[in-house]
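Below: a set of structures, written as structure tokens.
The following pair of complexes shares a single chain, chain A, combined with chain B in the former and chain C in the latter.
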Partner chain A sequence: MDYAVELKRITKRFGSFTANESVDLAVRPGEIHAVVGENGAGKTTLMNVLFGLLQPDEGEILIDGKPTVLPGPTAAIAAGIGMVHQHFKLVPSLTVAENVFLGMEITKGGLIDHRAQRARTAELSRTFGLKVDPGERVGLLSVGIEQRIEILKVLARGARIIILDEPTAVLTPQESRELFETLRGFVAKGMTVIFISHHLEEVMEVSDTVTVLRLGKKIATRPTADLTKAELVQMMVGRAVSFDRRPREKSAGAPVLAVERLWARDERGLPAVRDVSFEVRAGEVVGIAGVAGNGQTELAEVLAGLRPESHGRFRLGDVDLTGRSPAAIRAAGLAHVPGDRMVRGVDRHASVAANILMTRQDRAPWSRRGLIDWSYVRHRAEELIGRFDIRTQGPDAPVKSLSGGNIQKVVVAREFSGDARFLLVDQPTRGVDIGAQEAIHDEIMRQRAEGRAILLISVQLDELIALADRILVMFNGRIMGALDAEGVSEDALGLLMAGIAPEAVSREAAA
Partner chain B sequence: MEVLEKLFNVALVVATIRTTAPILLVALGGSFTTRAGIFNIGLEGQMLVGAFFAVIGSIWTGSALIGVACGVAAALVFALVFALLVVTFRANEVVVGLALNILAGGMTISLMKAIFGTRGSIVGHGIVGLPKLTVPGARDLLGSYAPLVSGFTPLVYVAFLLVPLLVLFYRRTRLGLHIGVVGEKPDAAEAQGLSVTRIRYTASLLCGLLAGLAGAHMSLGYITMFTENMSSGRGFMAVAILIFSNGDPVRLLLGCLLFGFADALSLRLQTFGFPSYLVLTVPYVVALVALFLLAWKTRPKLVRETADSMRRLLSIRPASPER
Partner chain C sequence: MSDPVRAVLGQVLAVAIAIALGALVILAVGESPVRVFRVLFLGAFGDATKIAGTLLQTTPILVCGIAACISLRAGLFNIGVEGQLFMGGFAAAWIGFGFSLPPVFHVLLGLAVAALAGLAWIAIPAFFRARYGANEVVSTILSNYVAVLLTSYLTIFLFKRPGGWSETPPIHESAYLPAIFDFSRLNWGIVIGLALAVGVWFYFRATPRGYAITTMGSNPKFAEYGGIDIRRQGFAVLLVSGAVGGLAGGIEALGVHRRFMEGFAPGFGFDGVIAALLANGHPLGTIVTALFFGALRNGSLLLEVDTNASREIITVIQALIILAVSAQILMRRRADSTAGERRWKF
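For the complex of A and B:
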């Protein structure tokens, strides 16, 4: 039997960097084939080669058993391949139909026939079960619908082999489920789907076959049914990764952070943090759990001085920091890993070294007599790049040239390398791949062992259970309960996160 | 009352149409580049060389039509240089546009000196102007209102007819659609195999074509002469109208009519003995006020966010906690 797509010994180099090294990929017609790997494993490069966006340095491409050269996307489309990119390429001011037919407009007498385009879009939408309104403007639509339009674009061009690059990264769980159903509909019609992901649950759920890439090489291709999640992780990362609770010694010392009856409002002026009181002690990791949007972000912002509290106070040691500026709070001993690294964590245009310097540019030995000592900054940056295993070309590379996980490591490296006694860590591993996740977790545990007080805010329960000593659950701005993280179950946390307070959970534990 | 009647009559409307035409032509030209995502501040210069070479062509060949063609050709050369620098070499649009404007000003002055040995203006020398077109039957049908549709020079008709044509162009032709896509989301165009570079060059040249026509209209239309810097800011006014109309032809027409009216009004006021230096500021004052009002209503994100953050900074914390 012929494969729908067969890539043989594909090698692609960018300068001295080899993104794909002799990679084979064989996809049977009518299957959903997942290509998985960590960030930087070469998944997207391989797909760009298949879609004609990149030319391989070595290797060959067979479509339906026939050797094919794809000098550009146009050739790939002609060969029946379609690609749905991770970042959508839609024009907001145009209608759905206009976007679907962009570049291949249906014309009548030299003028675009909008009616025919709408009718054809509606027909495609019905045939493939992708609900859209052809006459609507794209700018008003949700991300999930935008993705449907991207898929319709590909279908309108007659694709039989559809590549999706990280399709669920931007979707809600419901939208993801709908997408999976659509994809199953495609294979039922005899089409072939290749999708890139590093989200293991969905790979296990939807794919028939998995190909694992690591550091540009193919590790294995297996039927999904023969694999467990743990085996998949092992292949992706190259070693066993444990999500278990970290071993620790009891080390809670003197209280460092004390929050008393704190209130704060959100952008609309409504109370987002309500009457929150707790303490974090030296050598203790306190976790904050909760469904996103229950006041965690606002709490973190108040503690970092980025949002005014409306009532209540908080102290670091003996210093009352209520209403003080971010600089004053930092000077009193706060380090802050913000929840959104691109907005508050880094200056993406500045170099790695400059980002490492930030927040201490006016302090010796970083600067002397008002002048920054760049040779010292670079020296420290190099040291931290090594210690945190930041994958970059060097301290002078701009941060925007790094992958998301490595940018997060830059933020963590800066915040964890000062002498802060309190670490406010918000979503430390959001969008970070498994290897980097583990490294950041190691670092948090090392900081704990050094006696720092750590407040860890995360929407990932496994992360909290692995790292925290105590977990506070926030619901609707209040602390619903506090649980000892030792032996806690996700179910118990889930109930509190839903706002249901079991009697067994006492509020005293919060104190 | 009598003064107002004398001021606001058919003649004023006719004058408005006439003064609107050049600015409308150049603004419609700018709509191509604006929609293609190029901020074209070089309209002024393209218009000026258009006016100059239209006069030269007219003198040398004795034909107004060839004069217009020469003006357009000169503007196209400027548009091509602009596209080369901005699209191919990715130079800053504002810098290149300003540089070309300065070049146009200096070049026309020194060529005038070299060819005619004079400074200031070219008058006479056998310049052939564009004829006035009489619409047959207008006199009989409309009587004293006939000047509203008849007796303009050809480029006035071209300017106003281009408005509906461009509406159709942007809505119903592939090139028109693609120009808009290239300006709004170049990634989307590229992903569908459209050449952003080719489309931007096309837009820039179409812009040069209309800017050249606008220039030729100025020097061969109602007055047949060239004076130093005779575009006198019309290209910049067009840029201003383009910014708030976003290149939409109908809104462009409205904006241009407003400026044309202010222009015509200031000319009329001069004949009533108002101090001319005050009266001449009328169009520019109108421009500023209109731009301010429109800009405030659709003020960009930057202004909005600055205003918001100022408000937040100044806001006083609630004194009592909510319970």
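For the complex of A and C:
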């Protein structure tokens, strides 16, 4: 039997750096094939070669058994390959149907036939179970639906082999499940799916076959059913990694953060945080669980001074910080790893060193007598690059040249290397590979041991269970319950996350 | 290839393309491009007097360019430099003819008041930007017209020199910004401009506030998250930018015209803004672009005498250069932008 896609001995170099070294990939028709590996393992490079965005230096590409040269994406599309990128490329002011047919409009008498486009979009939507309203404007839609539109764009161009680059990185668990249903629908229709991920739960759940890349080389291709998660991790990272609950000593000290009856509104002016009260003590990790969009982001923004509260108050130690500026809150002892690192967490155009400098540019020894000591900044940046294992060419490399996981490490390195007593950590490992995840988790536990108060907001339950002492569950802006993280079950959390509050679930733990 | 190297090469290529296109236009009007460019070059750099003349033209463009650089660095766009230049020019002239003061002090006071006038002139757009987020591009453009007409009114109706044209009385000699050589009106303004360019460049590179401003211009949300008060800082940056614009007017009034008159400056403010944009907001780069515009202006003085080409051909070449360079900048920016990110808030 011919493979749907066969890449043979693909080598791709960028200058002296070899992104792919003699990599083989064989994908059978009608399967979901996961390509996994850490950041920088060469997954995206390999997929860009397959989609014609990059030309391999060596090796050949066979589509349906036929040797094929793909000088560009147009050729790849003609060969039946479609790619859904991690960052969506949609026009917000156009409708769903207009976006789907952008660049290949259906015309009648020289004008765009909107009716036909909508009908065709609706048809594709029905056939593949991707629910969208063809006439709606994209700007109003959620990320999950935007992704459906990206998939529809690929389908409308006649793709039979669909590549998805980190498709779940931006999705809620619910949206991810719907996506997996869709992917299973594709293979049931005889199409082929190649799926890049480093979220192992998902790989185990949805894929038929896994190919593991590490440092640009193929490590193995195996049927998913023959693998355990631990084996997969070992192949990806090259060593054993544990995601069990971290051992710890009870170390909770005096209250550091106190939040009292806090309310806040979202962009639309609707209450997003409702009557939230809790404390975080020194040497304690308090987790906030919840499906994305239940007020966690808004809560974090209020605590960082980036969003006004509408009622209530919060303080760090004895300092009331309600309504104070980000600078005042930082001066009182906040460090903040923001949920959206690309928007808030870094200046992509600036160097790693310049990004490390932020928040401390006015303080010695970072600056003296009104002048920044750049050699000190560079020196400290180098030190943090080493300690946090940031993969970069050096402190002067612009942040935009780093991969997503390494950008996150820059943010964590900056925020965790100050003398803050309260760490507000929002989605610390979103889009971060396993090795880096472990390093960031280690670092959080180290900060806990040093007596910092940590508020950890995450949509990943395994992360919360591994790290938190207590877990608060947010639903619809409220804290549904507080659970001791020791021995907590995902089921109990799941119920609270769905807004079901069994009276049995301890209310006293919130106090 | 490193980013700055590529940026400079791109700029040079863009200018070369523009000059080639300009040559076609010159051919089209029946002149020899070689001759025109030769006359242009000799007119700008042919002898010491010509070079001094070029530097004289460069001075206001450079100082206005630095004013624009300061705002661009913070991601803001002060396009009202022309207006600030008029206000500063009038204010300096007023100090110059209205008061009798000791020599050095008189000049310094005149320049200081010019800067203050520029600062005052941008204060309203800056306030509305900081307080209500009103787009400073629109408000500073509009304030240009008001400045030109207001100084015109003041000159004609309140301070007109008896018997003269639409001009104020000449300033006292004590207020002269002195010339450097005796064969040219080139004055110490060029030194002020160069010092300003180097100083501003150093400030942005080396000081914490300069770093904060740069970061704000690159990613305001990150700056805000890092504890920088971007509204307040943006307000301050616009004020300083306006003050430098005013200073440019003061230099022109005290160093070149030695009075204020209608049509005080033929678009130096706008040329300065364009010079800054072409240099991508870099103060040292602006020295080069300002010199280029200054040379074009000075070189074109003899163009109509020595060739059959009209002086307007310079405007055409300038426009072509702006077009080519901005296309080039846009292409580069598009290549490294990600979804939803815009560096400048137009």
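Just so we're on the same page, the second predicted complex is superposed on the first by the 328 of 511 C-alpha atoms of A that agree within 3 Å, B and C clash if a C-alpha of one lies under 4 Å from a C-alpha of the other, contacts with A are read in each partner's own complex, and residues count from 1 in each chain.
Everything below uses one rule, namely that a residue touches a chain if its C-beta (ideal position, glycine included) is under 8 Å from a C-beta of that chain, and two chains touch if they have at least 3 such contacts.
These figures come from a predicted structure and were not determined experimentally.
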Report for A:336: first if it touches chain B alone, second if chain C alone, otherwise both or neither.
second
Quick one: is A:89 in contact with chain B, with chain C, with both, or with neither? Answer first, second, both or neither.
both
Applying the touch criterion given at the start, work out whether A:345 contacts chain B, chain C, both or neither, answering first, second, both or neither.
second
Between chain B (first) and chain C (second), which, if any, makes contact with A:359: first, second, both or neither?
second
Looking at A:268, would you say it contacts chain B, chain C, both, or neither? Reply first, second, both or neither.
neither
Please work out whether A:250 is in contact with chain B alone, chain C alone, both, or neither, and reply first, second, both or neither.
neither
Show which residues of chain A both chain B and chain C reach, each in its own complex.
87, 89
Sites on chain A touched by chain B in the complex
72-74, 85, 87, 89-94, 98-99, 102-105, 107, 110-112, 114, 263, 271, 308, 310-312, 323
Interface residues, chain C side, partner chain A - complex
3, 206-208, 211-212, 214-215, 218-219, 221-229, 336, 338-339, 341, 343
Chain A contact footprint on chain B (complex, rising order):
168, 171-174, 177-178, 180-181, 184-185, 187-194, 317-318, 320-322
So in the complex, the part of chain A that touches chain C is made up of which residues?
87-89, 304, 306, 325-327, 329-331, 336, 338, 342-350, 354, 357-359, 361-362, 367, 370-372, 374, 398, 400
